[in-house]
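Two complexes follow with chain A in common, the first pairing it with chain B and the second with chain C.
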Partner chain A sequence: MAAKSYNISELDNKLADRRYHLADSNPEFTQKILKTSRTIANMCYQCGTCTGSCPSAPRSSYRIRLFMRRCVLGLENESLTDPDLWLCTTCYSCTDRCPRDIAPTDVIMAMRNLAFKRDIIPKNFLQTVQLIYNSGHGVPNNDVNRAARTKLGLPADPPTTHTYAEFIPGIQKIIDHYELKANADRILKGD
Partner chain B sequence: MHEYAFFLGCIAPNRYPGCEASAIKTSEKVGIKLLPLKGASCCPAPGAFGSIDLNVWYAMAARNLVLAEEMKKDITLICNGCYKSIWEVNHILKHNDELRDNVNEVLAEIDMQFKGSIDVWHLAELYYDEKICGVQKIKDSVTTPLTGAKIAPHYGCHLMKPQKERHFGDTENPMWFEELIAALGCEPVQYRNKMQCCGAGGGVRGYDIVHALDITNEKLINVREVGADAITEVCPFCQLQFDRGQIEIKEKFGDVYNIPVLHYNELLGLAQGMSPQDLALDLHAIDCTPFLQKVL
Partner chain C sequence: MAENTEPRIGVFLCHCGTNIAGSLSIDDVVNYAKTLPYVAVADQYQYMCSTPGQKKIDDAIKEHNLTGVVVAACSPRLHEPTFRTATREGGLNPFRFEMANIREQNSWVHMHGMWDEATDKAKDQVRMAVAKAAKLEDLIPKSVPVEHAAMVVGAGVGGMQAALDLASAGIKTYLIEATPTIGGRMSQLDKTFPTLDCSQCILTPKMVDVGRHPNIEMMTYTEVENVEGYIGNFDITLRKKARGVLTPTEATAKGIVGGGCNGCGDCTDVCPVIKPNPFEMGMAPRKAIYIYHAQVMPLIYTVDFDSCVKCGLCVEACGEKKAIDLEMQDEFITVKVGTAIIATGFDLIPIEGKKEWGYKRFDNVISSLEFERLICASGPTGGHLIRPSDGKTPQAVGYVLCAGSRDNTGGVAKPYCSRFCCMYSLKHAHQMYEKIPGCKVYLFYMDIRSFGKAYEEFYYRIQNEGAKFIRGRVANVLEDPETKNLHIFAEDTLLGRPVDIEVDMLVLAAAIEPKEGANVLRKKFGVSASQDGWMLEAHPKLNPCGTTTAGVFLAGVCQGPKDIPDTVAQAEGAASAASIPIHMGEVELEPYFAICMEDLCAGCGMCVNLCPYSALALIEKEGRTVMQVTEAKCKGCGTCGGFCPGGAIKMQHFTTPQIAAQIDAFFAGGVQ
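Here is the complex of A and B:
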């Protein structure tokens, strides 16, 4: 992910060109993605190198090139309600091969962030949030593993939040700051 | 002795403790001391947390970074997923004032502040780094060469990609991991589409397991094609996907491979004379015995 921000007025003017937006498109969507992803999807010339590099493409209807076009055209609903949005393994092959130096992977991540704001999110993502909220770990320890660790001469619980539970309230404070746990509980309950 | 704060993550300590034990023991033999990073949490999972809200991902990873800043030690870790969270958030917050201010506002609630005073390294990259260890030093530490074994290297994604933001160079056909594998006395083999993803990342394993396994299956076909005795990687999540994934692939698709999957640290541990019991290889879903009989 590019660690820079683009605050260039000339560029903003170019990106504000809305001639190609359709009736059901939302130019703000493109801008929001630009801000979160810090990559310029508008540079895309639809060559398809991304889809050709994608390990998910040959086994599904997921087409990263299509999402790039949707981003540029501001097709918010079409992007966020497509279940294929969640088939990106974030392998960054498309990003490494993009001849326009765009990071399509980061466009997908930004779209997923926006989808979550509309409660569109697969359950497993929210379950990870709950696990980390409660234990600090997305994959918590268990008894079989504790026995194995002891045999190896390791402490039964690793020296993480598993041993030092006093750090968990701090983690909960961070997650609560963004109301992530409350939203995860609410969305999972409604399912 | 180079000292580092050892960031464990989740899957290594809680599913493959052999990865953790071997990292601590093998690194010590090449002059690297790993210190516990007390109170660390999940990195947090870049696929799951990053997809939900990148801001929470930044803040949670920053908390882990601050723990090491307080120790005044660089972080080292053994998982590509953790590398993405910890290395990348460190990099982003060091270079983006706006995001750093936002994160520090949240961290202030728990009396922490991200300063950007440390660096983050993957242990494999330290092993390869001449200034810290280097291939020759790894070679010199080997007491039981793993002669006769063909090993398929799996680089994984989040260590080296995206290439422009990292410092590993070419991501189409890198060869540095092969050098580390050859240093153990075994033969690294090339196979079709070596740099392909394992299929587990981005939350896909949890979202659509069949889709994830289909990607894994393609890799396994390519690995079997060249007659590899084992797969080695530097990411416990890839390890889980290849190892437990083979059981799931057998159930769902009926394809059987029985290719053992070992973390590079486990392989190095074997080469340095650690026993399979010292590495808890019995916790692996795929039986490592045929491979062990071949090399030990």
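Here is the complex of A and C:
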């Protein structure tokens, strides 16, 4: 249908037709998610057990069920550009309880991978990449932690790359193989 | 047909609409069939099973003087009888017919992009069928008389209805029930949806009818031990479990005049052993000598020998009636029946296996059957609904629908819909509003399946009464350790918002599964199970009461989840089907039995022990030992024929020359 226009872009945008149209769907997106997530994401029947189990949902606008629905319908842009995509804590409670035996967590991970390919990723995730690259830890040891460890009679640093820094180059090699660090630096610089 | 004439075979290909014609070239196969040896005519039609299709067979037999007919179509399980009839109509022996299954075994499994390969395979199948058809022989089916009696296993509402129908049609009917009383699950219910009939008020009169029907021999506390025989002549051995109590009839037979159990209950008053009553879902006590409830049929007490301490107090209390025999042993009796109906019903799944809902962890999480007993006027609380933790009347109750149904995670969960939980949960909501004014009811659902007559209207009524429907499956349940109240966590998917709803009590509408022991029983009757575990009907649409064992029928939930109306309807259907062979008086058996060629038989007897149906025996004949087949017992399985070291056993319709011809045709011919 030809859209009516008020010739005022702000108003046109505000009153735009937001119904779902078949053209919004990209069936290949569903297939890509199935392949990447290795779970039967197309079989979701929207019971809501995932959102009901989700520790993130009560405190945010994140609704995992909505992402499952978008996956079934192939709503690629809506899925990948929604900032809620990054609110999953990957606790896997939804995966434990899904009655259709789907792994919604893995669907979210697949969508995040596809979003990253479009350079869509929150800053803090990229900073984590840099931390791991430099220290081997997503959450490196800090003074508070060191004090607590000492108090418990443990060495201040755990027996990880913090103690054996010689293994850090190995970790860097893996990250470089996937060009993760280079991409993180590039995207962060562009911001 | 004269012997020694050259075989003349007619080949007919069925399109089955597009079921076959959509996946392979019918024209190619027909043209190919015309080139095969012995083929006098090859033809095709859209639906061979229809009247015009059958007419083609009829006409071709006459016109081309055929000696054999091949139809390449669907599975013989569906239409072999149809085409045999058409073959007979044309003037041939019906066993001069051979079927090539080019649907289930070809087009349906090679549906996508395998046109040429499927066509080639169909050619192979037709060539082999023609080779066999050229060697088919005339066979005459045997008729056997049918015993004028039937058996119904399971005396719930389905089994009782089936038994009443059979008995009223003049057939002696044995009604077998494993528990001490008839009535089944329905007798545990308070009310029935959507009419809200009192379950007891509509069931107990039927129980009485069963008890006094002259053609029904009701055998409670009895199980099927062994089944032998075949349609028309089943010999069924029953285990009459030791009940420890004599009926008045049994007492009289033993010479105790005026004795036997009169249901007075004096014994139960003195019995010192207390056990949970399974009829009350373990929520009320019973003694070691007990009845389930006051309305049992027959009103005869039963001793639970697993818990009886044999103190003898009950024997004393019974006194002159001398009804109690603490030394009673199981008895075995064998009855002969023509047909049998299985109506074994269901159990709830052990819903504690779904740990997130807290059943058996939290006091106030109960199953739907426990709720039925708690709200039932004749239940352990006299119909006053209380919650288990503190005996208080719950003011807010939640219901989890699809609790373990429609769930593909395995374990205790079931992938199917249990079909009546939506409706009884609506009924439970209604009963709450009826008994506890001002209460709050929350139903957590995925879909409300109110498909039956007047069901959707019932849904409307319950919503109007105030029930809150929350469209979301319950994710988990936590208990407040102080109040023992429950927090239900779910997403209201229509609101798009997680919810945390506090209730006093939670009812799980647990999925159902086949009755414990049903698997063992069905194997005794040779009945298969479908993938979901329920017993398998002969055809889901056209033969929903029959099984693949001739003369054995199914009624009620043992075949798949059903509510009461559907169970009763199927029971009447099964009774009707089971009465047909009995009223006909005799049945035709397929002439597939083995034949011993006595001049080749060495009398070694190895086949006798191999036969799974005890159909073979060694006999003395003209000074020699030879094997003899009881034709009515033989199912034509071929075990003996395949084994016989002397090649002395001929399997009719599957003879060695016939099968060898098929194999030869497969290897010798084909796509060059």
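Note that the second predicted complex is superposed on the first by the 150 of 191 C-alpha atoms of A that agree within 3 Å, B and C clash if a C-alpha of one lies under 4 Å from a C-alpha of the other, contacts with A are read in each partner's own complex, and residues count from 1 in each chain.
The criterion applied here is as follows: a contact is a pair of C-beta atoms (placed from the backbone, for glycine too) under 8 Å apart; a residue touches a chain by one contact, two chains touch by 3 or more.
Predicted model, so just to flag it, every value in this text is computed and none were measured.
Asker: Does the superposition put A:Gln46 against chain B (first), chain C (second), both, or neither?
Answerer: In the superposition, A:Gln46 touches chain C alone.
Asker: Give one of first, second, both or neither to describe whether A:Ala57 is in contact with chain B, with chain C, with both, or with none.
Answerer: Only chain C is touched by A:Ala57; chain B is not.
Asker: Does chain A have more residues touched by chain B or by chain C?
Answerer: B
Asker: One more residue to check, A:Asn145. First (chain B), second (chain C), both or neither?
Answerer: first
Asker: With both complexes overlaid on chain A, does A:Lys32 touch chain B (first), chain C (second), both or neither?
Answerer: The answer is neither, since A:Lys32 touches no partner chain.
Asker: Taking the superposition as given, does A:Arg100 touch the first partner, chain B, the second, chain C, both, or neither?
Answerer: second
Asker: With the two complexes superposed on chain A, say which partner A:Arg70 touches: chain B (first), chain C (second), both, or neither.
Answerer: The answer is neither, since A:Arg70 touches no partner chain.
Asker: Considering only the contact definition stated at the top, list the common interface residues of chain A for chain B and chain C.
Answerer: 93, 101.
Asker: Across the complex, what residues on chain B touch chain A?
Answerer: Against chain A, the touching part of chain B is residues 8, 10-11, 13-15, 17-18, 20-21, 36-42, 44-56, 59-60, 63, 88, 91-92, 94-96, 98, 106-107, 109-110, 112, 157-158, 161-165, 171-172, 195-197, 199-204, 206-208, 211-212, 214-215, 218, 277-280, 283.
Asker: Can you name the residues of chain C that touch chain A in the complex?
Answerer: Interface residues on chain C, with respect to chain A: 356, 402, 406-410, 413, 446, 471-476, 489-493, 496, 498-500.
Asker: Touching residues of chain A toward chain B in the complex: what are they?
Answerer: 1-5, 36, 55-56, 59-60, 86-93, 95-96, 101, 103, 105, 109-110, 112-113, 116, 121-122, 124-129, 132, 136-142, 144-145, 148-149, 151-154, 158-164, 166-167, 170-171, 173-175, 177-178, 180
Asker: Name, in rising order, each residue of chain A that touches chain C in their complex.
Answerer: Per the touch definition, chain A meets chain C at residues 45-54, 57-58, 63, 65-66, 93, 97-101.
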